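The structures considered in this document are given below.
The same chain A turns up in both complexes below, where it pairs with chain B and then with chain C.
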Partner chain A sequence: MELFPILEVRNLTKIYGKPCGECISHTGPIYETNICSRCNSLVACADINFELYPGEILGIVGESGSGKSTVIKLLAFDVEPLQGEYYIKHEKIINILGNGQKNLFNLTPFEKRQIRNQVIGIVYQYPYLGLKMNISAGGNIAENLLVAGLRNLKRIREKVLELFEKTELPIQRIDEPPIKFSGGMQQRVQIAKALSNNPPVLFLDEVTTGLDVSVKARILDLIKNLHHDYNFSIIIVSHDLSIIRVLTHRTIVMKLGRVVEAGLTDQILEDPQHPYTQLLVNSQL
Partner chain B sequence: MLEVINLSKIFYIKINGSKEVVGCQDINFKVNKGEFLSILGPSGVGKSTILKCIYRTYIPTSGDIYYESLLFGKLNIAKISDRTMIALREKEIGYVSQFLRVIPRVTAIDLVIEPIMKKNGISYKEARDIAEELLFKLKIPKYLFDAYPSTFSGGEQQKVNIARGVIWKPRVLLLDEPTASLDIESTKIVIDLLMTLKEEGTTIVAIFHDEKLASLVSDKILRISGRSI
Partner chain C sequence: MKGYNFGFLDEVSKREIRRKILKAIAIPGYQVPFSSKELPIPRGWGTGGIQITLSIIGPDDILKVIDQGCDESVNAVNIKKFIKAVTGVELTTDTTEATIIQTRHRIPEESMTEKQILVLQVPYPEALRVFEPSEVETRRMHAEADYARMWLYLYEDIVKFQEISIGARYPVLVNNRYIMDPSPIPRWDIPKLNMAKTLYLFGAGREKRIYAVPPYTDVKPLEFEDFKFRVEDFRGKCCMICGSSDTFLDELIDGSSGERIYICSDTSYCKKRRLVRSEL
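== the complex of A and B ==
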């Protein structure tokens, strides 16, 4: 029984533009906008709080512009928040930062890079965000291993081959660049890269959006099997409720930068409380 | 073991204006450890709603659901955190829905194996042996074990669903019309399985349509009549 979260987020806020101090109190679902009427800043997300537990799969749903991807970008250190606290409890964090709880947003760029490399794996909707499209697929994965300090070339090659196998990529294409790969295969390379240093936490941002149904199904199977084998904790961002239903334990619903509802996934889908969630659930074909 | 006090569920639907739908109203009952309670009543009277409130797929509007948990001691399911409910679902409280919710590309045997692996952490091989024996008892032909249940008949699907519910011997088992799509012979097998489970200490709350069957298997019967509103 895991009663302590592996990841905690408190009061996470991101505003694009120069905030005037009234932005948060003048935006959100109640005002039906995420643009501050006083200063025109865009409140991408505000006052976001949640926990992720060991082995758990947490879904974040919401339509385009709800701020769900912003949350992931913040947690992956791709953008910086206006304010917020972010904690991960894991032995790998202790190896990097020593003992004691530290707000990960306050770390040095070097420490953040180490955490991105060792503790967090991320798979983006668009493969070009996670991969160098003109460098060999094997090279893309090897890069992460090199950053982690692996220097033995034979060992690196072995590890890359192992990751290819795990993610069901054809080994004979290891030296080809991802630009030559199909969309589904590009996502597999991203997943292999994300898993290269066995991170305890994985972020998946709309990873199957834009893929054919059969390809999507196989990517979901892969994620499910990997989760079963490695039991890492996952945050999966998607607008697709069928993915949320099949994969997640709990779900957070976002609208216009705010969390409007959070609960057990079956409860969110069968007994949604917020009008927006009710609309979302009833929009399913 | 389980005590439901003044449980009501009202759905507030806020799309295109607001609507109220009553799920169930002022439900009271108590089940002791190892007892079998059956819920009887006409369709649409809110029987399933009660089970879904106990399993927390629905958030109760008012009332309390006291449960004596092995892990946490006495708690009110109407008030506990989502994480606590997840733990109860994995370790103590099982739920068998009216229809099998098929998970795409998961075989019948793997569906049945999942809950016991979550509870006991036993190996796949051990879990598979137990699951095969159970499916064999339920007279599911062996060639279907590794097939996808989406192609199964209604009765076969329901048997897989029941196998999934009983394999891990939960402390409390909630069953929504477990025998509705089964023939007489299969019904008998399922009832035998439930009785064995009960003898081993499982507390059972089941919805039935068949009054005769209910009175045959249960220690207590809760009758729900049409709601007044």
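== the complex of A and C ==
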């Protein structure tokens, strides 16, 4: 049986600044810079290609500034790419856009918001990016249900409670704002919010950075359990190789906005081919 | 008044405002920016409503001006005096007689007809301003019909207070498209906007916006399926002057006895009822 990817990304490029046309050929690991020497534009990522299969967990690793978070921001429609193609194959997409493959980057803001709400769940590194800190935790989760058009208070409340239980949040604190929560709990609220509309694809951007080791372990445990229960596809961005090792099936290594190596996680961590990956793995050990 | 144009504003300004009114009627609930003109009244005192009234009024019109339902309060009397001075139109306090009714904070109790126009003075035209300070962002929300945060605001209100605490300015959805601020009218008046025979024009002079609800337009207050919109509850209370129990009542404290008393907010309707009763 042939397996089709649920998510496909082709030639994804993002440049901050005014590109001169030769930015991409003047930057990258070979030049040891991601700033174009001709026009000073920042090539955040260039020519990124990958696919994600149903139920798969894909890791993106790289040091700070390698463009891994930019990739996630692009896929979540937070920023606009310079060029690239982006496809998701799922029945929810057909419900929103109808049949036929459409490059998701070319959609209207309204359609993008629907996809962001129905098809994609995202957890950011900083909780304040994904949550409204002065609105109750329950309200934060309810927002996604309200965007989806649910107008029944009782059903909204039930669903929020269910998500609270799933993410092991204390139910008695449902009406408190996340600003009063600990860092680990804020991440759990973010995860609950991301799961609210049962998205088939989940993006996790450095979710455990800044958390202490025991909290980190419990969050990773939660993600693993949720993945087991829901079987969604996940893209995890991290600079922490231990997370990559524990969670992912396949890994992409990025440096200065380019993919330098891609393959099975085991293979990459045990037998890295690219000098940069070797450095990364060695420095971890 | 000699030396002044009919309706105080010059013809070019009036035409500009009329064009904006037409645009507002064409897109029900959409806020149309306009070049709010200088008037001998400070901004925030009803200049939006006055400019609309002055732009659409003709010599044969009959004008009624009310402030919180009352024909004789300061704001109403002074606006009436000003418009009378610059146009010479006939004034009335009878809702059914007037062709143009300018109002602040109330819609008259008596039902109005297709031939009448109701002009409302608006302090804050943006219904989304309560949670979003950025004009750029609220305009984007309107453009994309991205109203989840308005719903979230209601959700939070219910979670906090077990009811929707918005008294006046209850947000409404116009023509199933735009969320609109109906100006600070009480919830009591909101159902009167739905499928009304009369044209409703809203003018915000300080904020420079005009919007409209054309006749026979669908206007729905925002409500959850299991948490419905309610009007003010006056059960067991009645107007101490006319005895009415089906009108919007103002609550007062009796100076001598210290008790709560209720009187009709719409004074001309209250007076009319008393007349009818004394004739019987």
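Just so we're on the same page, the second predicted complex is superposed on the first by the 282 of 285 C-alpha atoms of A that agree within 3 Å, B and C clash if a C-alpha of one lies under 4 Å from a C-alpha of the other, contacts with A are read in each partner's own complex, and residues count from 1 in each chain.
Keep this in mind: a residue touches a chain if its C-beta (ideal position, glycine included) is under 8 Å from a C-beta of that chain, and two chains touch if they have at least 3 such contacts.
For clarity, every value in this text was computed on a predicted model and none was experimentally measured.
Contacts of A:158 after superposition on the shared chain: neither chain B nor chain C is touched.
In the superposed model, A:113 makes contact with chain C only, not with chain B. In the superposition on chain A, contact is made by A:136 with chain C only, not with chain B. In the superposed model, A:221 lies in contact with chain B only, and not with chain C.
Shared-chain residue A:175: touches chain C; no touch with chain B. Of the two partner chains placed by the overlay, only chain B lies in contact with A:270; chain C stays clear of it. By the document's definition of touching, of the two partners only chain C reaches A:147; chain B does not. Residue overlap on chain A between its contacts with chain B in one complex and with chain C in the other: absent. Partner chain A is touched in their complex by these residues of chain C: 144-146, 148-149, 151-152, 155-156, 158-160, 224-227. Taken in their complex, chain A has these residues touching chain B: 1, 3, 53, 217, 221, 246, 249-250, 262-264, 266-267, 270-271, 273, 275, 278-279, 282. Touching chain C in their complex are the following residues of chain A: 109-110, 113, 135-136, 138-139, 142-143, 146-147, 151-154, 156, 175. Put simply, chain B touches chain A in their complex at residues 11-15, 52, 56-59, 71, 82-83, 85-87, 91, 103-105.
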